[in-house]
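First chain written, first letter: the chains are A, B, C, D, E and F, and each begins at residue 1.
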Amino acid sequence: MKYLIDQGKFLRAKANYDKAKAVLIGVPMDFTVSFRPGTRMGPRKIREVSYGLEDYSIYADDSLNEKDYFDAGDVDIPFGNVKKSLEIIEQVTAKLLDDGKIPVYLGGEHLITYPIIKQVSKKYKDLVVLHFDAHADLRDTFFGERFSHATVLRRVCEHLNEKHLYQFGIRSGIKEEFVFAKEHTRMNPVNVKKPFLETMQELKQRPVYVTLDIDVIDPAFAPGTGTPEPGGCSSQDILDVVSCFKNINIVGFDLVEVSPPSDLSERTSILAAKILREVLIAVC
Amino acid sequence: MKYLIDQGKFLRAKANYDKAKAVLIGVPMDFTVSFRPGTRMGPRKIREVSYGLEDYSIYADDSLNEKDYFDAGDVDIPFGNVKKSLEIIEQVTAKLLDDGKIPVYLGGEHLITYPIIKQVSKKYKDLVVLHFDAHADLRDTFFGERFSHATVLRRVCEHLNEKHLYQFGIRSGIKEEFVFAKEHTRMNPVNVKKPFLETMQELKQRPVYVTLDIDVIDPAFAPGTGTPEPGGCSSQDILDVVSCFKNINIVGFDLVEVSPPSDLSERTSILAAKILREVLIAVC
Amino acid sequence: MKYLIDQGKFLRAKANYDKAKAVLIGVPMDFTVSFRPGTRMGPRKIREVSYGLEDYSIYADDSLNEKDYFDAGDVDIPFGNVKKSLEIIEQVTAKLLDDGKIPVYLGGEHLITYPIIKQVSKKYKDLVVLHFDAHADLRDTFFGERFSHATVLRRVCEHLNEKHLYQFGIRSGIKEEFVFAKEHTRMNPVNVKKPFLETMQELKQRPVYVTLDIDVIDPAFAPGTGTPEPGGCSSQDILDVVSCFKNINIVGFDLVEVSPPSDLSERTSILAAKILREVLIAVC
Amino acid sequence: MKYLIDQGKFLRAKANYDKAKAVLIGVPMDFTVSFRPGTRMGPRKIREVSYGLEDYSIYADDSLNEKDYFDAGDVDIPFGNVKKSLEIIEQVTAKLLDDGKIPVYLGGEHLITYPIIKQVSKKYKDLVVLHFDAHADLRDTFFGERFSHATVLRRVCEHLNEKHLYQFGIRSGIKEEFVFAKEHTRMNPVNVKKPFLETMQELKQRPVYVTLDIDVIDPAFAPGTGTPEPGGCSSQDILDVVSCFKNINIVGFDLVEVSPPSDLSERTSILAAKILREVLIAVC
Amino acid sequence: MKYLIDQGKFLRAKANYDKAKAVLIGVPMDFTVSFRPGTRMGPRKIREVSYGLEDYSIYADDSLNEKDYFDAGDVDIPFGNVKKSLEIIEQVTAKLLDDGKIPVYLGGEHLITYPIIKQVSKKYKDLVVLHFDAHADLRDTFFGERFSHATVLRRVCEHLNEKHLYQFGIRSGIKEEFVFAKEHTRMNPVNVKKPFLETMQELKQRPVYVTLDIDVIDPAFAPGTGTPEPGGCSSQDILDVVSCFKNINIVGFDLVEVSPPSDLSERTSILAAKILREVLIAVC
Amino acid sequence: MKYLIDQGKFLRAKANYDKAKAVLIGVPMDFTVSFRPGTRMGPRKIREVSYGLEDYSIYADDSLNEKDYFDAGDVDIPFGNVKKSLEIIEQVTAKLLDDGKIPVYLGGEHLITYPIIKQVSKKYKDLVVLHFDAHADLRDTFFGERFSHATVLRRVCEHLNEKHLYQFGIRSGIKEEFVFAKEHTRMNPVNVKKPFLETMQELKQRPVYVTLDIDVIDPAFAPGTGTPEPGGCSSQDILDVVSCFKNINIVGFDLVEVSPPSDLSERTSILAAKILREVLIAVC
């Protein structure tokens, strides 16, 4: 109807699915009690605050409204059922990859990365994963469970070649995780920008999937997350990193663990929206 | 696409426009407020928290998911331009009335009621307006302006027959407004439930438009509003009132002045969503 | 060591376990992601704010520091494992009942009531349960699960005689729950104080277990809970109810769903602490 | 200078001291560390939010801007020095009484009532004090101190005739206080409106000082205070009480314990401002 | 009256207007904002928190209480009337300049800079403007309006010589603005401290007006603003810049867009107060 | 009792006092009115959030659960009595030193450092004190009092040899304090990390006491404190400093002025817990 709009899309996205190079999908999964969760509100809030952002990026000297991306809404998660949820995320990813799209996800919790990588790594045999996070997420089990936000990168590793996981900004974990990392991943503790710039040189045209946990950034800049860990990088650091993504061959991306209830000033969601804008400009 | 949903609708609304008896529209306008701005965020937040509500109402012993209503999204307000905004709201209302729909609005500020009533009163010559509010909103001008949230009911009066405006819960205003009310409206100061029940008896099948400013309810129950005024009714009182709406002939409705930034516990938006559920059940 | 204290007990509780008539236990279970939960923080916060309360109650004209109750700390919940958690709660309850204690619990989520009732109903064959809540909690399954905070009273019913569950203040649920209630429970919708006073007359010396979900009280008085439901009773109503508990034969009690993260003014926890003081005075 | 205003006065007060019948004075005393205190911010915040209030009162059918009152600013409290602070408050009161003014105070903590009453009771030998509060404040000492917010009414009693202290809404204290009250004051526990209306009848033209601790009102309506105590009266109750003040002979008034840092929605300060408006209209 | 003070002035300002070199004025206007309103509360809050600051500055090794500045209160803005508001600000500025004062403003929204510059540039023909901001504010129109917080520097440019506008920290805008900037202003994107220090060298004794939008600083350090834009400078950077102001010839200053409702920790207002202290020390 | 735990210890501390090398003690002293204080809630909250931390530290490549430290609970402060409180803190410290323990304190306000240093300096004649703070705290008196959080380091100086107090990060104070510092302390204004690393070289095996006021860190990283002062160091800076503590001979430590009520995101308490973990690993 004339004069009416649906304010629910990221940065007033308008392109259609068929023409889109990248497709944005929210995954509001966190499985807390029932009504007042945390990261499940991430996708909605990030879209909401994107209205305060410009389409144009001074970092890229390019504008998102000249890009073909599509905002496909949210995955319809069967509440409380982890197994079924992961299957659905995997199927959605498979469909996007079949259709030749670059999948771009907004979490939700970090566990969603696992079913995505299962499919992405099937398509791209030599896949490299860049993991930005305060936490190693490399436990084998967490309270007896193999599938958890604390074990997700360990599970991811099982679908990658040795040393194909690059980790940045890690500053929390148990001893076992760092021992594992030494052997099986390329971990860069605490720092983010400098090691990324070095890594970027060697990636060339290899297919890269990026998973960015918002808590890699210091809680001063991104307080809205479930497990804030002081000692992280600044928002300017992460923007410097993200604006280099045009130089690598990104085949998939997720941004997870934004938790609006802990983000009273909304600056975490605004930062997430800005990162997302840069990523979409870079990959489209 | 399979598995994907748009979470932006009220209580998972699914009916289509053509079959709908009532149509819900958000009006995110708050340009003329005076004390604490923020109602532009009302429609979005009320839809968001509606996910914690059941479809079934114990008050009505009826369920919203058996009703035909349509959530049409938000009016695309030309930011900062009061005149143009009011024109658009009026045109949208005209279209809905032409199509035989019952228009149901979520504000935004109270001024939106004026262009709506202009059209509704054109269609229903003998229209009665029920006005629930802490403030009389009957000034002739406010800071020299004729169109403001503080003058809106005065403007509304100019489109109604004498004494066709019933006011409930009023407990703030300037002297001039109460003098005007004595002559031209039927004002019930402070109290809400008792005078409404009495009024209900005499309304019978006359066409009724209801405008409900959330601040009619005490700030203890509804703190999220721009000009909270202590001494209002309880949430139970207003639910008792609203659940009687099935007994009168409502031809239009708006719920205004919910201001999420002042509503940290979200209980104002939740109350608004619950009122809206009752209203939709009553009118469909 | 001299001059050092442990500030973690309710109202500076000092009695020892052996002499205690009632034993207070926290159950910090809510199974949210990992760090920033909701109701799991309830027991800790209620104890903390109890330092602002007096031992003396004007309602009872009696003082808690003349009563023998013991604060036993919290149940050590195996994080994320619902089945094991419920087993432990059941075992703790069995032990307390064996020792002749009146168990008094602070939740945590409502599901904890189920394992408690399993044991209490085994000891007291004719047990009556008084259930104060905004929600019926009578679903048979919730997202396919039989054990959930939304099904807990349905499970409880299976351990009671027909019509031995009295419900007060219920104002939310799905149709199926109210149909079930009509046949199997004694439900008092919306209202709390009046129906309780009537019920009290008929209970005489029958053994009574009370489960009180803080959301039975209106969110104005108790905003700190996971699923606030407007239209509830006042804090004065609930204090009037609780101060009558000395007239009935209470053999167990729980107070659940206090969620400190949504309770910025702390008044929900303070109200919970005050209710708990009255209950402990009543049962000791 | 033209076009410039000082927004620091209550409800845009303009009358000058000489003509004023009542004089408003803030007493920002609470003696917490140094920067982020609680009730010391009360006077400033109450004045600030008064800008959202109308001058006209529907309760009194009268308007504050036709009254002669003067806002004299704040007492310049010597920080951290209780003794000297009380002396200064006493001297300020003496001056106001000498000048024939009705002193009206905004706290600040409750202890300020003591030096005021010392002077007021000297002028009015038969003085009656009406005390609205959740707490009895009748201890003889508190942590060894004779001058504290918890002992203030006990000290006040020493300057009044027997049974000249009327207490309303009291619902917290230690046993000793209630024993003292039974003998020496007229205490009305829990309730406010009904006992006040009865008391009002017998006061006739006797000189009355009113001290109103905001916590007499339930924390749902007035969360912004240091020691919230659930089970209080509603904002409508207190407005009903205050709007009767024109029927008694008030010779002084204070409103204490409003603590803006605990008042995120500002409704406590707004309620305080509204009470103050009614009081000023009543006494001028 | 003895012992009484007016706490509404910045840092206990006492000098009188005639002797003052600089005059501080609040402009509580926020009508044209687009994302999150609230800056109208800025001047009052900045004055309030200034009580936690020392007069002495370690950066300047100088003390504000030895300086002659006057706090003239707030401009009495005709609410909702943009045109009239701008005229009044312009007249106030003209008066201050006539009287030989250095005008120092606290916003309010950024649009206020326009009427100020109109007058300042009339007095100082060769005026240079230093603009610290996250946003370019160089649009020609915004939602069809020529006067808006998003167009204000474009309007300012029309009153300056070519390339007399220096911009620092800019990291958001639409393409058109950056094209305009390349031709007509001296824009330093993203960075603040380094380019300012370079610019400072070339300014010498030219008359300089500084307009500082608080959002030039990263939202981590200054969350309390309407359109937070991640990727800004630190509070230490801006203090380093401001403490150099004594080296240039400042003839006017404004600090805008502080929005207390988004500043729960108050650190934005405290930073603003500290910047203001440094500026007043530098210019007096 | 089986299955029950006391959740009140730091990072699940279990070691016993006799074997412990370091002993952790909370000092909940801040002497605000009575119920809702600030820093008195620090020790409790820091322990609470420590549950989100890992035992293992990547900075130290060492794990706290292999260290012998004991959490002794809180000092039982006689409320409101400064003199007696300081005496008790002194006695507790004496006992710990007698027993050969390294005392580690959580404030509470900064004044607690004074009685601690009195004892520590008695044991270690050549004691060096490292003072991290935004404020000099070197006044001789504050509002006439010699013992205050604003005078505490001045008092400390009187128990140390000349120039044995090293100060880092200082950026606020009155002139007199900086004059005193120039003669009697080694003050490093504003900066923290660089001057500390230089100082560390010269300390060698001299006995060192560290007092760390959380406000030395910028309010962006540590908003939860009473007197936030913009322009401080980052959380990464302070973690870099603290992780060097293993290189010096620390004989005592305190961390003060964490104020949970101003720390809505809890990141200040989390940072404090992380600092504490590093300190305990370093000294044990």
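Criterion: contacts are C-beta pairs under 8 Å (C-beta built on N, C-alpha and C of every residue); 3 or more make two chains touch, one makes a residue touch a chain.
Keep in mind that this is a model prediction, so the values were computed, not measured.
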Third chains touching both chain E and chain C: A, B, D, F
Chain located farthest away, centre of chain D as origin (C-alpha): A
Which listed pair, C-D, D-E or B-D, duplicates the contacts of C-F in over half of its pairs: D-E
Proportion of interface numbers common to chain B and chain E (over half same, under half different): same
Intercentroid distance (Cα basis), chain E paired with chain A, Å: 38
Whole-Å separation of chain centres (CA-atom averages), chain E against chain F: 38
Centre-of-Cα separation between chain F and chain B, whole angstrom: 55
Residues of chain D whose C-beta touches two or more other chains: 34-36, 218, 220-221, 227, 262, 264
Inter-chain touch pairs (all): A-B, A-C, A-E, A-F, B-C, B-D, B-E, C-D, C-F, D-E, D-F, E-F
Residues of chain F that touch chain E when the two form their complex: 170-175, 178, 189-190, 218-221, 223-224, 227-232, 262-264
Chain B - residues contacting chain A, complex: 1-8, 17, 25, 28, 44, 48, 51-52, 72-76, 88, 91-92, 95
Touching residues (chain side chain D, partner chain F) in the complex: 30-39, 78-81, 109, 142-145, 148-150, 226-227, 259, 261-262
Residues on chain C engaged by chain D in the complex (per definition of touch): 52-56, 58-59, 61, 63, 218, 220-221, 234-236, 239, 264-267, 270-271, 274
